[in-house]
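The structure's right below; bear with me while I get my questions together.
Each chain gets a letter, A, B, C and D, in the order it is written, and its residues are counted from 1.
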Amino acid sequence: MEDIKGFIAARVAKELKDSDVVSLGIGLPTQVENYLPEGVRITLLSENGIVGEGLIPSADDASLYVVDAGGQPASVLIGGSFVDSAVSFGIIRGGHVDVTVLGALEVDEEGDLSSWIIPGKKVPGMGGAMDLVVGAKKVIIAMEHTNKGAHKILKKCTFPLTGIKAVDMIVTEMGVMVITDKGIELIEYNPEFTLEQIRAATGARLIISPNLKKMAG
Amino acid sequence: MAKVVSVEEAVCLIKDGNTVMIGGFMGCGSPHKVIDALAKKGTKNLTVMCNDGACPKFGIGKLITSGQVKKLIATHVGLNPEVGKKMNAGELQVELIPQGTFAERIRCGGNGTGGFLTLTGFGTTIADGKQVIRIDGKDYLLELPLKADVALICGNKIDKQGNVWYRGTTRNFNVVMATAADLVIAEADKLVEPGEIEPENVVTQSIFVDYIVDGGNA
Amino acid sequence: MAKVVSVEEAVCLIKDGNTVMIGGFMGCGSPHKVIDALAKKGTKNLTVMCNDGACPKFGIGKLITSGQVKKLIATHVGLNPEVGKKMNAGELQVELIPQGTFAERIRCGGNGTGGFLTLTGFGTTIADGKQVIRIDGKDYLLELPLKADVALICGNKIDKQGNVWYRGTTRNFNVVMATAADLVIAEADKLVEPGEIEPENVVTQSIFVDYIVDGGNA
Amino acid sequence: MEDIKGFIAARVAKELKDSDVVSLGIGLPTQVENYLPEGVRITLLSENGIVGEGLIPSADDASLYVVDAGGQPASVLIGGSFVDSAVSFGIIRGGHVDVTVLGALEVDEEGDLSSWIIPGKKVPGMGGAMDLVVGAKKVIIAMEHTNKGAHKILKKCTFPLTGIKAVDMIVTEMGVMVITDKGIELIEYNPEFTLEQIRAATGARLIISPNLKKMAG
């Protein structure tokens, strides 16, 4: 696969419905916007204060006054608005965000998530992730299935947590998984991989859905 | 009623050891002129509350690079490698707070509520030492207010009485910080006459602002 | 994204027995056209949350006079003698809440915090049955969120996506109520195109509004 | 005395300092604004949403869009602004109001206050009073000393309370009193009354200040 990230982002995009309020994390999740199905218009929330974020402006149009949650130049759509951080996180925590798409270091079969710190190595901070995972109605993790072969989907997260019982769905280049009461259920698989390969790349028991489908890229 | 002062006069009001809230998100909406003057003055042992560490040579990152910050309370510091370096060298304490909780705790400090309940961080290290209150079967963390000696904010238009209007995403933490400090210094991109901001469009009310610095970007 | 509907369509969305938040302060900033249509439709057994009882023939007072309100949750009802009469006759329950606590509980309902601590009402009958939490030697009441099935708000300018700008003192409870109900119906004094309200001056964001009624006072 | 209310309001006005943020209750307290000492400019907060309330507009200038906390037509000064109810009470509870002047049914020597209900008779509601008495830095009660002879200043309030240990100062047509740890101290008296008359009109022990002054009307 040439563009793993694009493939994952395209699949995540299919989860979004018209009129959804959506928050996308930095990195891979940001690309989801490029793959929206036809007729689906979403309102993108940038947690630093944009309701209705627009396209990335050209260098000429970039303003010092409008940035996204990564601090990069951004824009607002017509009909969008700017909010302060307390209002923004009121929107997030208050259940007004339909879907958030985030990256992860680790996800486990309880739906616990680690994404903000690798002790002794990297302490970037949690930013808005801890609020997003408790507030958004649906939490989708978009990430590569492994970290260069090392498991990221685990029986139990090993790094400090971002949230507990937080994740609803995981989308990777290998498949689509949902977190159920019984564990992680594979509901779609990428036919470029065998089930054995996917199992081997997963550090938790994988329940194969009786309705398992091919992953729609 | 706010008073217009020079940036040098303004930073003289900030003392060694003060706790200082500084608005901005990766430098967007930070009071850059006040930060520069504070860096020049060399005020020390500051505890700084700011969303992030900005960059080594930009925004509040300058105060970290210059070693004036003893403790940084923030939500994200990953884009300023100086923060990690100084942490590992034992020269800087860092306390990380989830962004929504950070904004709400500051609002709480400004509005006289004694704390609030949130699900954010429950089950994580953020919960350590915090009181858990169960309501209708859900466990919430009790989060307490944050206040500061000084808040440094920045507005695009500020009138001479201290009313502030923010452009774009610059409002971020400025709005709540303006309410939660004993002394509030506001840097105006553009200083305007009272009435130039419609009373409906004022975002930070004059009563919160003590001193105004004219940023001169008229 | 909000949808523009007729006032008759709008009130059909409100069901007998619903809990309905209604913006306004003594009728200033109340959605009068929606209230009139609701009175005409005769929807019954409503629990209404509103700052006050307005007057017998004005604002939400009309719904009290018509007997459609089973319970009123408010901060002040002294200027509507119908409220007292119906209370004494056992036809109306009234629950009184301090105004600041009322506003903050509704905000809380909308922003996902599970409650907040306030000194307001400590030592009074307002404290009855409430949990007291002591912090730094001060006793606070734990106040819980308020939510509703429907919120009826009114804005001076509302764009067709649902962004709201309020004129004068009309914003009062409209702003918090718009965040705290499952269904939000907004009456526009003047319906405008998206973009006519500057993105910096939007007070209630489009994502909170489900339906817009054109009040036609262009 | 012809204008008892004006006399009380004029004395209260002397407690206000330049730049104070002030909230005035409905009725007598509202009149305080008419007696501001020269050079004293205050910012008047109307708790329904005006920071910097102006004069009462003429019938011609009155707008449906601007009312005061009594629901009456009001105006905003140049440099004033409008806020929503959550922000307004954030200002109040957050200690940003220097002085509030309120009426009362009863005040007692602990500083407790009753002002919002006469059980079985009148249930107007507390409006913003419960927040104002805990939030304002200084709480002044402006009222007639008695209710047609019946004591309003008591050892212990009898009506349901608005707040406890809330009141700092009481101004009546008879004098100015402050609430101290030891009880109610008369610091100024109106020479139209004897101390005996004032004591008789007061239902609590009155400590006479060693620095007792004549009341400046």
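The working rule: contacts are C-beta pairs under 8 Å (C-beta built on N, C-alpha and C of every residue); 3 or more make two chains touch, one makes a residue touch a chain.
Computed from a predicted model, the values in this text were never measured in an experiment.
Asker: Trace the shortest sequence of touching chains from chain A to chain D and report its length in steps.
Answerer: Graph distance in the chain contact network comes out at 2.
Asker: Distance between chain B and chain D based on Cα centroids, please, to the nearest Å.
Answerer: The separation of the two C-alpha centroids amounts to 35 Å.
Asker: CA centre of chain C versus CA centre of chain D: separation in Å?
Answerer: About 29 Å separates the centre of chain C from that of chain D.
Asker: As a quick test, compute the distance in whole Å between the mean CA positions of chain B and chain C.
Answerer: Averaging C-alpha atoms per chain gives centres 32 Å apart.
Asker: Among the residues of chain B, pick out those that touch two or more other chains and give their numbers.
Answerer: Correct list: 104, 107, 111-113, 118-119, 166-168, 200.
Asker: For chain D, which residues are shared contacts with two or more other chains?
Answerer: 76, 82-83, 89, 92-93, 134-135
Asker: Is the way these chains touch best called a line, a ring, a star, complete, or other?
Answerer: Graph shape here is other: it fits none of the named patterns.
Asker: Dump the list of chain pairs that touch, please.
Answerer: A-B, A-C, B-C, B-D, C-D
Asker: Per the contact definition, I'd like the list of chain A residues that touch chain B in the complex.
Answerer: 46-50, 63-67, 69-71, 74, 76, 82-86, 88-89, 92-93, 112, 116, 122-131, 134-135, 160-165
Asker: Can you tell me which positions in chain B touch chain C when the two form their complex?
Answerer: 104, 108, 111-119, 131, 133, 135, 138, 140, 142, 144, 165-168, 200-201
Asker: Residue numbers of chain C touching chain A in their complex, please.
Answerer: Those residues of chain C that touch chain A are 1, 107, 110-113, 159, 161, 163, 179, 194-195, 197, 199-200, 202, 205-208.
Asker: Please give the residue numbers of chain A that touch chain C in the complex, ascending.
Answerer: Residue positions touching the partner: 19, 21, 41, 43, 45, 51-52, 76, 78-83, 87, 89-96, 134-135.
Asker: Applying the document's contact rule, which stretches of chain C touch chain D when the two form their complex?
Answerer: Against chain D, chain C makes touches at 25-28, 51-52, 74-79, 84, 87, 94, 96, 98-104, 106-107, 118-126, 156, 166-176, 203.
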